[in-house]
Amino acid sequence: MNGAPSGETVLAGLPSLPGLYRQAVALVVRRTIGRAPVASALPSARHRVHGVRIDLAELTRFEQELGSAARDKLPSAYLHTVAFPVAMSVLARPDFPLPLLGMVHLSNEVHQDRQVAASEVLDIVAYSEDLRPHAAGTQVDVVTEVDVAGRRVWTGRSVYLARGVRLDASGPRTSDAERPPFTAPRPTALWTLDAGTGRRYAAVSGDWNPIHLSGPTARVLGMRTAIAHGMYLAARMVDQAVAAPTGALDWRIDFAAPVPLPAVVAASFTRTRYDGGERVDVVGWSAERRKPHFTGWVRAE
Amino acid sequence: MADTYLELVNTPLPGRIARALGLPRPAVLRRYTPGEVLAPRPVLVAGAGAGADALADVLLGWDIEVRRHVLPGEKLSAAIVVLDRASSPTDLTGPLLELGQAVKLLVPGGRVVALFRSAADTTDPAEAAARQGVDGAIRSVAHELRGGATGNGIVLRGTATTTDPTTLGALRFLLSGKSAYVDGQFLEVTAVSADGVVDLAATTGAEGEGIPDQPLAGRTAVVTGAARGIGAKIAEVLARDGARVIAVDVPAAGEQLAAVANRVGGTALQLDITAPDAAARILEHVRGRYGALDVVVHNAGITRDKLLANMDAARWDSVIAVNIASQLRMNEQFLASPVFSESGRIISLASTSGIAGNRGQTNYAASKAGVIGMVRAQAAAFDGGARTINAVAPGFIETDMTAKIPPLTRQVARRLSSLQQGGLPVDVAEAIAFLASDAAAGINGQVVRVCGQNLVGA
Amino acid sequence: MADQAGSQNAARTPRTAVVIGGNRIPFARSGGAYAYSSNKDMLIAALDGLVARFGLQGERIGEVAAGAVLKHSRDFNLTREAVLGSALSPETPAYDLQQACATGLETVVGLSNKIRLGQIESGIAGGVDSASDAPIVVSEGLRRVLLDLSRARTPQQKIKALGRLRPKDLSPNAPTTGEPRTGLSMGEHQALTTAAWNISREAQDELAYRSHQNLAAAYERGFFADLMTPYRGLTRDANLRADTSPEKLATLKPVFGTSLDTPATMTAGNSTPLTDGAALVLLGSEEYATANNLPMLATIVDAEAAAVDFVHGDEGLLMGGVHAVPRLLQRNGLTFDDFDFFEIHEAFAGTVLSALAAWEDEDYCKRVLGLDGALGSIDPSKLNVNGSSLAAGHPFAATGGRIVATLAKTLSEKGGRGLISICAAGGQGVVAILEARN
């Protein structure tokens, strides 16, 4: 990676996630000992990878881990997974102002124009935007776009939070203080996540972020225990809401509190049909403590 | 239950030891197998007169080598002594002494059969003495026979002759391995009117017609208590003889009952014979599945032994209810139903306990003696028709029930008969199958003991 | 007996299929009398009892269809293997079917349709299940390693495959009754439905009590004497508690729905326990029954299957039958008033009561079932009159055979028309109409 701070960088191929994490760890060390500067603005860099092909075996493992059918159409969340190294490479840039490690995933919103076949060749671009304060730190959007033959098929926007990082004390802060008290709806599903859920999802998604792998590795990054991947929850939510999408698919998930592993997550799926499509609203919460983990919706046409 | 002693003394060395020690040496009995040759060796027909001559002719027709006198050194399969003309005890001398010579020449599993008239059918004291004398002499011969040979009589009642179908049927049965454990018994036969017998030639097989090994072909038979032991064997033998068998037992025995029904290609009917609707359910089943009921075997029975002094009402009542009251009630309903065949057969299981009594079995003996009473009364009512009712009284039979007798008592009980061994369920079943056949059309109201000439109640 | 009597000139017009009779083994509680009996063992026992009852020894039946919900991979041809182990002719064809708890009823529907089309003259339908002898599978990790190992050709590939084995992979996985798509157990699903329909604890206990009473009374009058063959020393359903009472049932602690906001009402007493057992029915054309002097207990009139979307919360998991019944009634031009007996499978007392409540609810019937108004009420005195699954137990695939034989015999005794509704996993329901002869 040798691009300028602004403009587009074309990567030779999909970056290696472990390499990016190693790079991030090194950056933390260098910043801690003061050898690396901390930027205060987002780089305008866009990272692009051309000609990404899907490995069917990897796709199948991903689908089976999620309990979804192994189809030749890509699950919407899998496109996020395929594009994730590109997005990560943006966050791991030395000039990226927030520390990659320990960032919390706040939400995801995806717009997909059509279903994508596993045989299609993908062009992926990722960039960050909208660095802004949050009550608990600073948040940023990472946008990922997937094109096939020059046409946009999938756009994802992930919001990450760097806890305790204050770039600009005067900026407006969003606050979650007014969040209404949570009342658990009727559950329609119960997800039993064992302690190995994070490791298994890491294996099929390539996201080896230590906070998902084990108690000790998570504690190094300030978590009390390992937590489930946000995208794991999102992938299950989307698959269960619309098991066999045929056309456009939009979805969003907002994470309220991490899911500590192991856990039993109760979920409620409520479907509303409308002309030409359906919308499924989803709430996921801790079956034990009755506190929300996430809310979301999936819209299919 | 295997009789290991019997098996042991029939091997060379232990056999010699037993002989040296004067221990009982029970023989392995000659039992029926399909295709059996009735008499592989010559058969003696002793006695003079038209009856004896006619019988000898019939036996020749059965492909049997017939001797009218003993030939020195020639082994015999059977010795038949015809005494239908005996009018005075002195008439017995010649034929019985001839029989004495024949007995020495009997092959193992040989047969002694006497044909004579009933003392009850004469008012002449000398004639009655002669006839009754045969009874005593044959019983005694039976005691003397060895090597699994048996001695039995056929008592001609009324106008019955030595060659009546029923006489011949009884003779075939007694010569055959089917009567292996029938010893010291006397079958009373009466002449059967033509309309009382259905196609006898086909079923006696005397002239090699019909289906020789299927005397019950086309008949429908109900066997109660068919799930195990003697009942299961009865079902098997009736099926072997061609009958369609309805195996009946209590629902709780349904698993074994199903196995029996499947083995014999019959149907299983789970019901409690003491239930008021038992006969109705049997009749309904028979009507729907088979049309007519030809044979009923009342085999189901229970024991609840206790000395009378310690007997309680529950033990008494349950034995009476199952062993006799149920039979009375069911017979009444069978006989009232058009489903029960005009030439139907009822065979009830009695017991030597019902004849001689047995310590600890007042209730059981009452029920089994009751069966005998019922059979005789019902037989009188059947007299003149084509239906018959008879009882079979087993002696010591090797079953799960007798296996529970303490070992020493069991060994003693086994040796208490002329054949010095217990019978097998198949021996009881063969007698029942015989009584169910057309060949036994002239046998009615009899109690046939299958006891190896047991000393008890002899 | 000749099975093919009428097959050669099979008419194109549908014929009539009748229930000739049935046979089941008593149902045992899981880990009880049949703890060491396999599905095949129990199916053979039920087959042999049926063969014995109707004298089918060595007969070539048109087809035997049965199934099991919890099935070993070695039992891939369970029913055919059972036929080969039974007293039937080894030339009797057979196939396995699985539709969860509706398996047994669906085999009856399938074979009766073949009979009606003239494809077969006779059939044996039913099912078996063992919760005791349930298959246990190796963990996913071990399974993948073993599969890769079998594909490996070089020692290096083998070592590589084995190297992926982890200690935790060695612990096996037992089957669960959880819905794969929701992760909720059947009881948890029903608890949601029970709560949604406000079914009281008392009503559920009362239904369970009546089930035990009715089943016990049926045994007392010998009703099952020609529907059942004892097995392994069991002569009655082991779950039957003739002496239970609403008071005793009221003392049991709830086991499902304990995490809901509404009071938990479902207990071990008003839910079916895990059970082992097998049940079969003998079906035939009228011609077959007549030619072989076999009884005709009832005519199989029609059947309907339905499924609901429980994944998106549209409907309760066990409400499939609720949707199937109005469709079946409509097709046959019938209403509840035309029925004398109702056999609604008691997966849980709440299942039956939710169905009854739903059919009585005008708004629900209009909105969800698309009817003009409420479907109607069912007189409790016509419901499960000889007991049902709460008392007898519920070996999943065996329940259909039990219910069809029980209803057919009831109809042969009392006359009239009967409706069967069986709910099943996956949001399914299969329902059928039986009619007395004449």
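We just call them A, B and C in the order they show up, numbering each chain from 1.
The rule is simple: a contact is a pair of C-beta atoms (placed from the backbone, for glycine too) under 8 Å apart; a residue touches a chain by one contact, two chains touch by 3 or more.
Treat the numbers as computed from the prediction; the structure is a model and nothing was measured.
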Label of the chain whose CA centroid is most distant from the centroid of chain B: A
Per-chain C-alpha centres versus the global one: which chain is nearest? C
Chain B to chain C, mean C-alpha position gap in Å, rounds to 51
Rounded to the nearest whole Å, what is the centre-to-centre distance of chain A and chain C, using the mean of the C-alpha atoms as each centre? 45
Cα-centroid distance, chain A relative to chain B, in whole angstrom: 92
Partner chain C, residues of chain A touching it in the complex: 67, 184, 186-192, 196, 240-241, 243, 266, 268-271, 280, 287
Spell out the part of chain C that touches chain B in their complex, as residue ranges. 45, 48-49, 51-55, 57-58, 87, 222, 224-226, 228-232, 235, 293-295
Touching chain A in the complex: which residues of chain C? 168, 178, 180-184, 188, 192, 195-196, 259-261, 309-314
What part of chain B is in contact with chain C in the complex they form? 244, 247, 251-255, 257-262, 265-272, 275, 288-291
